[in-house]
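Each of the next two complexes has subunit A plus one other chain: subunit B in the first, subunit C in the second.
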Partner chain A sequence: MKKQIEQNVQQLLTQIWKPGDLIIAWKNASLPGHRTPAFLYRKEDIQDIVFDSFCDISLAKYLNERNRQEILPPHFKGKIHIVCKPCDAKSVMQTFSDQQISETLVNLIVVACDGIIDRKKIEKHCDQSIVDMQETDFQILCTDISGKEYVFEKRESWLRKCEDARNCDLPYYYGYYFVGDEKEYRTRLKHRYQTHKKLPQDTMSPKELQQKIHQELSRCIRCNACRNICPACFCSDQCVFDKPKERAKLVENQVTTENTILYHMIRFHHIAPNCTGCGECERACPKDIPLHIFFEYFNRCMEEEFGYKPGKTNDERQKLLSYNLGEDLV
Partner chain B sequence: MANKELIYLFPCLAEQRKKVLQEIQKKYPLVQVVPITCAGRFNTSVALKLIHEGAKGVIVLGCEPGDCHYREGSAISERRFLLTKYTLKAFGIEEDRFQALWHKPSDVKKTMADIDLFIERISTFDTKGGSNEKAN
Partner chain C sequence: MRKRLKINNLQAFLQELQKQATLIAPVKTDAGEREFRPVEQVADIVLEGSNPLRSPKEYLFPQMETLYTFHLQKDGKATLKETLHNEPQIILGIRPCDLHAIAYVKEFYSTTHQDVYVLEKWKHTILIGWACQNPLNTCFCTSVGNSPVDSKGADIMMAKTDSFYLVEVLTVKGKDLIEKIPSLLEDSPEADNEVLPSIQKQTESMIREKVDLLSIKGRIDSAYSSSIWKSYSDVCIACGACTFNCPTCTCFDSADLLETCQDGCRYRTWDTCQNYAFTLHASGHNPRATREARLRQRVMHKYQYSVEQLGLFSCTGCGRCTRSCPVNIDMVSIIKDIKEVVDHGEE
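Presenting the complex of A and B:
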């Protein structure tokens, strides 16, 4: 099944690829269960593309202005073909509506996705480092360095976002290629679990919540990985956390829990109107900090209070940046 | 950095609000006034920073959406201010510590009444708003 999808992606790309184009997709990495972004310029390379349950990285990040400059050769004139999971497609939509890249430059290829594996969950259950990781239809098979074998149910090792089927909705956009059976995909989604999980903000008193946040964020080393990976963060060159000399310093450089809390407060405050809930920040965090308690809360606020879902379409202007006289305020 | 017990007040059109501001400072010496150009230009991260670092409350004093000198300024900021309140809530801080008041510069009485109300409400809160040293 998965192999079939992989072949279909390759086939489609072979058809639409033209000399001078760039393909952004996944390919195998040297570590077991890792897939790495691939930037392909040649037709022969298309066969290296993979798509399976280990493709956890969101490639949407590479479309925004700054990252594009890093990966594209000078005088690039072609199109960018980008392979995405449905949830990443939302980040691409957000990139469009933030006017980071023009739609005419991008060919969006959305792949029917059936849940992505959270490697951290699996690694936690293995005693030693993993040397082999394979998938079957419903299971993940691992071998660790001592030769011990493990079997995990796929459904139980999903990324957190995959447990809520609303994250897998397809965007309202006229021009994407869908690989797989779109009708079947939509029906399959309807049968999956769709609910908001309870967040600490609902169940805890403010004091308890402060304590929990303090406890969790005391581990943060301010490595900025959560900011750098975020597909919705795009002002990387003028980030408020980066230019202390030219502007008022919002957060001191010293890594203390107090400063860290302020860092996250400001980061999520900035990103809330753009955040599609892609979960990349949490996945990239080396310290396993449950950042979903913030972004899921803000996602819900945006939806319930502002009636606005980031990443739903390609041309919705960000609610907090635009206002027409006479429009309702919230 | 932020002074404990302090309340920060960010008024737009401070020139025209001279009378209100004088009255406020006479009544509440702990209110620190920082004039801004337009409520729409107020950087809400600063409010978060001040409250997190111990300020008791932050008020932004602007003109009603619609009366704004820069037309949409206060309307956009109204949305942003709502989000600021949610941010405080998400981090377990009382959302009432941040307040935007919309009044005409000439409306001294109403402005004073609202400020009295605000100060009365936040006087019950702890000194420190942000998750603090006590938390551990």
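Presenting the complex of A and C:
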């Protein structure tokens, strides 16, 4: 099934690719279970593209203006073909509505996905040098250096965002190619769709919550991986946490828990109207801090207070930045 | 001096160490990962398993450190007070890669300039190494000329065998410590000479790949204008996860913090060369404005510039950069490409 999809993606790309175009997709990295973004300019490279349950990196980030400046060759005139999971497609939608890139420059290829594996969870469980990681329809098979084999049920090793289908809906946008059976995909979604996941905010008292946040964020090393991988963060070198020219510095460099909390709070409030809940920050965190405490909560607030899910379409106006005459004030 | 420690006596041995000074060792935290932490209970220490993601460097060169405090007196004069932390500490369970890293940090901070903050801490620290038997698939210490049992930089080296722990005392500091500890240790027979080499052989066979960088040591700058950097910097998102987890990264930024109008402190925090603002000049010019230049700087510093300065690779092959990279950039494939370019030129 998976191999078939990979072939379909390659086939589609071979058809729509024109000389001078760029393809952003995944390819194998050197370690087992690692996939890394691939930037392909040649037709013969299309066969390197992979798509499977290990393609956890969201490629939407590479579309924003700053990243394009770094990646694209000078005088690039072609189109960008980007391969996306449905959840990343929402981030791409958000990139469109934030006017980071024009729709006319992008060919969006959405691939039917049935859950991405949390590789870190598996690696942590094995705690050994892994030499091989393969997937079957329902299982992940792992072999470590001593030859010991591990079997993980896919169902139990998904990334948090894949546990229910809240992030898997397709955007309202008619310009994308869908690889896979769209009808089957939509029915599958309907079956898996669940209400909001439980968050510590639901069960804890404010005091306990404060303690929990304190405890989790005290491990933060302020490496900025969560900010830099976030598809909604596009201020690049003008970010308030760096040293922007002629602007006040909001958070001291000093790495204390208070400053760290301030950093995350400012960041998550700032991206609340853009955050599609792709969970990249949590995945990128080298310290495995459960950042879903914040972004899932903000997502939920956006939905409940404003009836708004970021990334649904390509031209939605940001709810926190726009106002219609006669609209109720919150 | 070489000794043996019975498996059953390990707990007692650790307790004795704890009595001598603050004991820092890999401990299982609440979040379920191992980290070098000051030990509260000896039973928490987990010496086996993979190397913790955070290196013990932070006990010599912490991520954030107050350098001095200042106070403005009523008569208008200011007083400065240096804050030197020099309580004795013992760091236990350091893998050879991290031992090398600590040796490098110490060397770096005593050659170009004398950094009293690091050196004072180093003087009061006893480093106990641990022969590595659990390399991960990200490890590549043999590529940079280290070995999984190399005891360079350690005061005491320990290794685990099936029936006992080998304790090798290497420096005067280590000897002083061992002499304070009553007779838990036994003499070790001649045959123990073979323990470390056999561990080395076994662990090296588990390491994924060996890229012989020693053969091109000092010539790596010929890859400076190669196109390999672009292929990795396209993927790189320029966060600082690799540098903040690296055991040999030594860059820092300092700033003043005013607590009241009279009192304040100057502190330093780690800084990362991957950040755009790292080399941003006041004029607005940035000599390393692209990610390509920044990624090249990081790699070149590890394998070339530190060789020019100190004669050492400042990469010890611990693989933490690969482990922590959110976009799966693999250091081994970078050095493989470098070697290819240096040896055979660009295709």
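The rule we apply is simple: the second predicted complex is superposed on the first by the 325 of 330 C-alpha atoms of A that agree within 3 Å, B and C clash if a C-alpha of one lies under 4 Å from a C-alpha of the other, contacts with A are read in each partner's own complex, and residues count from 1 in each chain.
Please note the rule applied: contacts are C-beta pairs under 8 Å (C-beta built on N, C-alpha and C of every residue); 3 or more make two chains touch, one makes a residue touch a chain.
Because the structure is a prediction, the values reported are computed rather than measured.
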**Message:** Quick check on the superposed pair: does A:Phe306 touch subunit B, subunit C, both, or neither? Answer first, second, both or neither.
**Reply:** first
**Message:** Quick one: is A:His269 in contact with subunit B, with subunit C, with both, or with neither? Answer first, second, both or neither.
**Reply:** first
**Asked** For A:Val131, is the partner it touches subunit B (first), subunit C (second), both, or none of the two (neither)?
**Response** second
**Prompt:** So, A:Gln210: does it touch subunit B (first), subunit C (second), both, or neither?
**Reply:** first
**Request:** In the overlay, answer first, second, both or neither for which of subunit B and subunit C A:Tyr185 touches.
**Result:** neither
**Message:** According to the stated criteria, A:Phe51 is in contact with first (subunit B), second (subunit C), both, or neither; which is it?
**Reply:** neither
**Request:** For subunit A, give the residues common to its interface with subunit B and its interface with subunit C.
**Result:** 215
**Message:** List the residues on subunit A that touch subunit B in their complex, please.
**Reply:** 201, 204, 206-211, 213-215, 218, 240, 248, 250-251, 258, 261-262, 265-266, 268-270, 272-273, 294, 297-298, 301, 305-306, 319-323, 325, 329-330
**Residues of subunit B defined as touching subunit A within the complex** = 44-46, 48-49, 52-53, 65-66, 71-72, 75-76, 78-80, 82-84, 86-87, 89-94, 130-132, 135-136
**Item:** Residues of subunit C defined as touching subunit A within the complex
**Value:** 30-33, 49-50, 53-54, 63-64, 134-139, 206, 208, 233-235, 237-241, 243-245, 253, 255, 257, 267, 269-270, 272, 275-277, 280, 284, 290-292, 322-324, 326-330, 332-333
**Prompt:** Of all residues in subunit A, which touch subunit C in the complex?
**Reply:** 29-32, 34-37, 39, 57, 61, 70-71, 124, 127-131, 145, 215-216, 219, 221-225, 227-229, 236-237, 242-243, 245, 252-256, 280, 283-284, 286-288
